Amino acid sequence: MFYHVKELQYNAKPERPDPVYAKKLQEILGGQFGEMTVMMQYLFQGFNCRGEKKYRDMILDIGTEEIAHVEMIATMIAHLLDGAPAKEQEEAAKDPVVEAVLGGMNPQHMIVSGLGATPTDSAGYPWNSRYMISSGNLLADFRANLNAESQGRLQVVRLYESTSDPGVRDMLSFLIARDKMHQNQWMAAIEELEQQQSAVVPSTFPKNLEKQEVAYSFMNFSKGTESEKGSWAHGPAMDGQGEFEYIENPEAMGQIPDLTQPPNYVHGTPTPGQMPPGTEGAEYEQGNMDQGPLN
Amino acid sequence: MFYHVKELQYNAKPERPDPVYAKKLQEILGGQFGEMTVMMQYLFQGFNCRGEKKYRDMILDIGTEEIAHVEMIATMIAHLLDGAPAKEQEEAAKDPVVEAVLGGMNPQHMIVSGLGATPTDSAGYPWNSRYMISSGNLLADFRANLNAESQGRLQVVRLYESTSDPGVRDMLSFLIARDKMHQNQWMAAIEELEQQQSAVVPSTFPKNLEKQEVAYSFMNFSKGTESEKGSWAHGPAMDGQGEFEYIENPEAMGQIPDLTQPPNYVHGTPTPGQMPPGTEGAEYEQGNMDQGPLN
Amino acid sequence: MFYHVKELQYNAKPERPDPVYAKKLQEILGGQFGEMTVMMQYLFQGFNCRGEKKYRDMILDIGTEEIAHVEMIATMIAHLLDGAPAKEQEEAAKDPVVEAVLGGMNPQHMIVSGLGATPTDSAGYPWNSRYMISSGNLLADFRANLNAESQGRLQVVRLYESTSDPGVRDMLSFLIARDKMHQNQWMAAIEELEQQQSAVVPSTFPKNLEKQEVAYSFMNFSKGTESEKGSWAHGPAMDGQGEFEYIENPEAMGQIPDLTQPPNYVHGTPTPGQMPPGTEGAEYEQGNMDQGPLN
Amino acid sequence: MFYHVKELQYNAKPERPDPVYAKKLQEILGGQFGEMTVMMQYLFQGFNCRGEKKYRDMILDIGTEEIAHVEMIATMIAHLLDGAPAKEQEEAAKDPVVEAVLGGMNPQHMIVSGLGATPTDSAGYPWNSRYMISSGNLLADFRANLNAESQGRLQVVRLYESTSDPGVRDMLSFLIARDKMHQNQWMAAIEELEQQQSAVVPSTFPKNLEKQEVAYSFMNFSKGTESEKGSWAHGPAMDGQGEFEYIENPEAMGQIPDLTQPPNYVHGTPTPGQMPPGTEGAEYEQGNMDQGPLN
Amino acid sequence: MFYHVKELQYNAKPERPDPVYAKKLQEILGGQFGEMTVMMQYLFQGFNCRGEKKYRDMILDIGTEEIAHVEMIATMIAHLLDGAPAKEQEEAAKDPVVEAVLGGMNPQHMIVSGLGATPTDSAGYPWNSRYMISSGNLLADFRANLNAESQGRLQVVRLYESTSDPGVRDMLSFLIARDKMHQNQWMAAIEELEQQQSAVVPSTFPKNLEKQEVAYSFMNFSKGTESEKGSWAHGPAMDGQGEFEYIENPEAMGQIPDLTQPPNYVHGTPTPGQMPPGTEGAEYEQGNMDQGPLN
Amino acid sequence: MFYHVKELQYNAKPERPDPVYAKKLQEILGGQFGEMTVMMQYLFQGFNCRGEKKYRDMILDIGTEEIAHVEMIATMIAHLLDGAPAKEQEEAAKDPVVEAVLGGMNPQHMIVSGLGATPTDSAGYPWNSRYMISSGNLLADFRANLNAESQGRLQVVRLYESTSDPGVRDMLSFLIARDKMHQNQWMAAIEELEQQQSAVVPSTFPKNLEKQEVAYSFMNFSKGTESEKGSWAHGPAMDGQGEFEYIENPEAMGQIPDLTQPPNYVHGTPTPGQMPPGTEGAEYEQGNMDQGPLN
């Protein structure tokens, strides 16, 4: 169960309105790697957690913090939208600043949300839950979390570069620091789990049931071998259980596919030479009954 | 530019049809972490790559391999759908096996694709490109790739557990091995980049511009302190540049939000006591003209 | 900012697992009118609230409660999935109960979430934020909220009817009661606002600027006049400012549309008789330059 | 069955083209609460109606009218797009008016629809049918309808404020009046149904099966009690069957969740201390066979 | 403007309920090529039509008919859902017929729509407007229409094969005939337009501006030349303005891509060797100011 | 299986950056009829092909070419984004060119992809697989392909008209030529199949099972008969098996729908007069048990 306090986790007030920037800031609220994603991802991972208690507690701590981040950014966006102009285009075109604002705003910030934040990204695309994952395997999920915090911090930094408003930058500097902590946190948790299990997810599938011949081979599927110069091409593999090898010219190991004709009731492409039966219903129906469900 | 050979990368033929399993197998074809995702993710990362040539080449090698994985799984699904029954429900209900098959199939495998694979997941949900990421920062993206290969291998293993068909298991054992290689590959590439830069993405944002006070603090937002027992709560942080601290009772550091009233032309909630102007159009319009665009 | 306690708001433990029912229960977690919708809807309405403080506080109280409802239902679903069978189809078909379970499960509960709740509805469709609204006008939004609680309670009741598990029914009886409270709550808040303003949203648009002739007319667009028998056809209108009238044979009041030909650079349908210019590039290009951007 | 007449229900011709406004106007055509939504919502409610004939007739009358509204707005948008410039950006940048137009247009109005209306909202997002509801319970659905007409009229009014074109304003003044009628109409129908049943949806669920203790309690989940000042906190409830009470410090009534470990074949997080079996395939496989489907 | 009559265009009553078939039938109501698609596609093409009056009239005639098809199929689905069982799973599993029904139903037909049709396809996926097209070029759009009627009739036929209910088959035999007419109709209209213009869309782009060398070449991008045996490989092209040629070994005609390094403020992958500036904020910030917006 | 070569199929380098045009160009990369659509459509049609070998080979040849088109356009977009400004809005507003660029860019090209192409259309909407079709009937699918190449070429031509950059126009002139070839190719393949079967898809459904009376009738559902002037209204039908007829006043041929009341456990609208049972739980529950599953 949850409780709310009215104070924000950190300040979220710009020095001046900027409706165009409000549109951009939506990316880290409702985007693929925005705060709504990590909030929902951590809450579901916590609710579904079947592992040790300390993991469940830790995941829900950070999930609860992320609700506060959604609150902060939504508040900031509402402030940035204060006083957005609604003037008509013709007049606006005479005033370059007004026009610039109108052209760069998300029209839904006026028409739909009435100067409030929307649960969408900077392109106006709504958040959806396929952005998040809760797989029941903590090592897999902590990698998802590390990825989300990496992509997310990258986007916050790019947004920092796009404004000089001291209030906005102050809030972003807080988020940039928290995302650094969160990257560190997931790296620590990943290391802990990798030491208990092994580095490959899932660690519990028996080795003898996987195709060993190709489990450590880098396959060069393009002309040229620049890809040979990386640490993934030679030397011991990261899981400590094999040796990388570089296959310069990988060959196909499988058959040429040969699908059978579908049954008549699928009405696939008729074989040429076979008379199209459309004109002779009676015979067709008769023939069909022997082969399929038409009756 | 790309070329095709008719042979599959590996065998993709089941011993017998199984239309219900075909539906499940769709998850690793068109699901959030299926082969379509890694194929498109790697191709876009490669096409957009502005880094060293070896990375671009490596990414496109694996992207090209993933097209072949899409081909293999699609072929397998088409084989599994061979001879799917189309009989009507009433009759089917009399034959438990037929009925079980009909109840468990994705109806679109019959009606829409005519016994072919569909670009959807095991719930019938279509693939969309918000599953993938290409951020322009390779360390961020390699973490996305490691995550995708971890979630993907977990799902392949679960599908391996759900069938005993030797042909299907043979193909899955190949994919399980390739996904092990790909996890190893991205881990190697990540290590390489982390050593050149630092472990936090992006590594190029100046430290003095982020809120240092909260950059290494674990905040305990729930009652109870089980979360203190992990490696993320105390000791040196993973980036080697700070020390974790555990904040047992984190306090709000921000203001109570106080949004201003919107301009009249937004038609937000009218302030109580202010007479609703709807009945006196003329005066309203007059007053409004002073404040907003209605004219 | 938010805090978490480990206890659930109410019990969420079934007497026995039921993976098929778990799939159905998803509707009130991640469906159009599920708990994720009201949670996000209320949180955004609260964060964006520019009205009186008591409304903001009230909205966030209930929004915070809804996070706890998400937690309860997710927990219940995880319990219901305990021990879901993963057996292959052929064997399952021999055991009607196992088969029934496998046929009726959402396969992603096994493959993707590893026996955890997913942020989707009972058809497996992911939650998206276009389900919710925060418009900046509280009367409009409270009607959205009353609707959501009405549709939601209806769905919970239908789910109550579909199970006899005492644990599940216990939790649902709690939600059914809370949804009754929430319907009552929004009705009370709506009445309060309607008395301050008027019943039509928005109440602040001047009456003389709307087309009065059609502001209270019921138009009968079909053969037959059964629709005349309702309270919407005659008598005083609900806003107390007009009288309903019934137009038995509504006539078109507008023009026949007549769109102009598009400019050449749009490459719309060429006018017949006008020679297709494709074969004479030079002349075409010449002519086009006079009219459009091709140059 | 339906018939068409060529005249529009009302005029839909602007005084002059305005491609930027065309983009905004899309909101009330293909947006969450646009005419496509009410059109499809009413048609489906009518087609599915199992209640009294007068409701079915009434719903289909208004559904049929909404098709005409889609027609009017689509026509208006096509007119507004007349003569949209296609000039390249560099030249455009020299002419502020052209540039303003190009920057603010939806590029798909040129590239995809060739100066025609698109079935999308003002952010370019396509209409989808999860915007609408037809639940089989008329009281629930009429609340959905009242909400849609309230949100819709609010958006039309905001669009009225954003233009001074007399032709556009004329059409919008018609829609604003019709939406007033439709709000009145649904309020009348709701009142009728509430008097026959009761105010809480569904009215047919037995009271003794819901958790009475919490059916009229407002729970204050935040610090501070501003929310106590509303009509929802004390006094008789709106359904006339209970009394509101204000719970200042709501306590958790449920257990601390404790999920069981998943079966092995799910490959969840392995318990620490339990040796990772990946390296000893034979034993693992043996052990696994006892517990799960791997065989 | 539109009018409604209460009679259906054709009968839509099954002999007996069949909730499982109701789920399948949804495909031709709300699927990619269902009646909602052609209805909206034709209505928008008509509303946007800038060509000859006869086309606009014809398109709207068929668009209006399609609304009636939506009505028929929705009605049929509601009938098929009559008396769907809601019993719990455990009991159902004892009765194979009930269980088969429950396992094969779309749960939303019970929980969400209360035994009514839903605006979704047979996988439960909601209709969205990206299924349809209205491009402003009639030849292009008539090809879209011919495709939609071809895919649609194929699906109706497959559904005909999956039932033996005489009432359902009666309605489908009507739709199969109408789809035959509609295919014929679009073929006739296409032929008319192709004769006025030419066969390639758009016919108005000047030939000398397209890369003539590759305008009639079939490129064989795979090993093996089976593709040479078709009518597309040799002989006169269909537009009568060129000759097909078969390129057995197509060569790349373009450069190797070489993207420049992004500016610093993008925070892409840092060049190795370049010291990561994160630890020396002051200098970094200084340097950055010279190159980008960070300031 | 697939191989990659580093050279592009054709040049893809603009003369100068143009981030606004980059946004528009996305339409033919990730739009409804962009290269991702034809690439995935052809690959799936090829993988699923159960017809003659020459068709499979041909489809996969063109599918493989389309991967190269995705590569070319993605590369072009990355070049166009080079040097996109990130300056803040206020300063930008002082410089019309910079401002025009910022207002017209897709913000995700900076924030999300770091100056790389995104898998979205020109409105920023992500690609999804419901854009494509693979039906198992080649005639149906080749019509889908002809449509896709027609819509696609129309869009490329419109984009050609919107730029004067010689590098961009050079690449587009290549694509315009290839799309001409592809239209010709699918027309040739369609003609081949139509001659083997017949012109109506599917050709294998027996004529006597379809409602012959309406199989060649044009129905005029609107006032006025302009639609009679087309080739679809009179004369021999295109399939050579019937004669078009024009029905000026089509009549309804079906019944008035009359749906039965739903069972109680659906909780639909209660019949008026029937006392609302909510207040008397015991009796209700008793009564309900006779009719439905509540127990």
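Labels for the chains are A, B, C, D, E and F, by order of writing; each one numbers its residues from 1.
As a convention for this text, a contact is a pair of C-beta atoms (placed from the backbone, for glycine too) under 8 Å apart; a residue touches a chain by one contact, two chains touch by 3 or more.
The chain list, named the UniProt way, goes like this: A, B, C, D, E, F = Manganese catalase family protein.
Because the structure is predicted, anything quoted here is derived from the model rather than measured.
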| item | value |
| --- | --- |
| Partner chains that chain D and chain E have in common | A, B, C, F |
| Rigid-body rotation angle, chain F and chain D, from Cα fit (steps of 5°) | 120 |
| Chain pair repeating A-C, as identified from B-C, D-E or D-F when over half of the contact pairs by residue number coincide | D-E |
| Residue-number overlap at the chain A/chain F interface, same or different (half cut) | different |
| Rounded Å distance between chain B and chain D, as computed from the means of their C-alpha atoms | 25 |
| Mean-CA-position distance for chain B and chain A (Å) | 4 |
| Residues of chain D touching at least two other chains | 1-9, 32, 47-48, 50, 55, 57, 60-61, 64, 75, 78, 86-88, 96, 103-104, 110, 112, 114-115, 120, 123-126, 128, 130, 133, 135-137, 139, 154, 157-158, 160-162, 164, 200, 202, 205, 209, 221-222, 224, 252, 254, 257, 259-260, 262, 265-268, 292-293 |
| Contact footprint of chain F on chain E as seen in their complex | 5-13, 32-33, 53-58, 60-62, 64-65, 72, 75, 78-79, 82-83, 85-88, 110, 114-115, 125, 128, 130-131, 133, 135, 137, 139-140, 143-144, 146-147, 150-151, 153-154, 157, 160, 169, 173-174, 176-178, 180-181, 183-185, 187-189, 191-192, 199-202, 205, 209-222, 224-232, 237-239, 242, 244, 250, 252-257, 259-260, 262-263, 265-268, 292-293 |
| Chain D-touching residues of chain E, taken from the complex the two chains share | 1-9, 30, 36, 40, 43-44, 47-48, 50, 57, 60-61, 63-64, 67-68, 70-71, 74-75, 78, 112-120, 126-130, 132-137 |
| Chain D to chain B touching residues, read off their complex | 154, 157-158, 160-162, 164, 265-267, 292-295 |
| Touching residues (chain side chain F, partner chain A) in the complex | 1-6, 47-52, 55, 86-90, 92-93, 96, 99, 102-104, 106-108, 110-112, 114, 120, 123-126, 136-139, 193, 196-198, 200, 202-209, 241 |
| Residue ranges of chain E in contact with chain B within the complex | 18, 20-21, 23-24, 27, 31-32, 96-97, 100-101, 103-104, 121-125, 154-155, 158-159, 161-165, 221-224, 252, 254, 257, 259-262, 264, 266-270, 272, 276-282, 284-285, 288 |
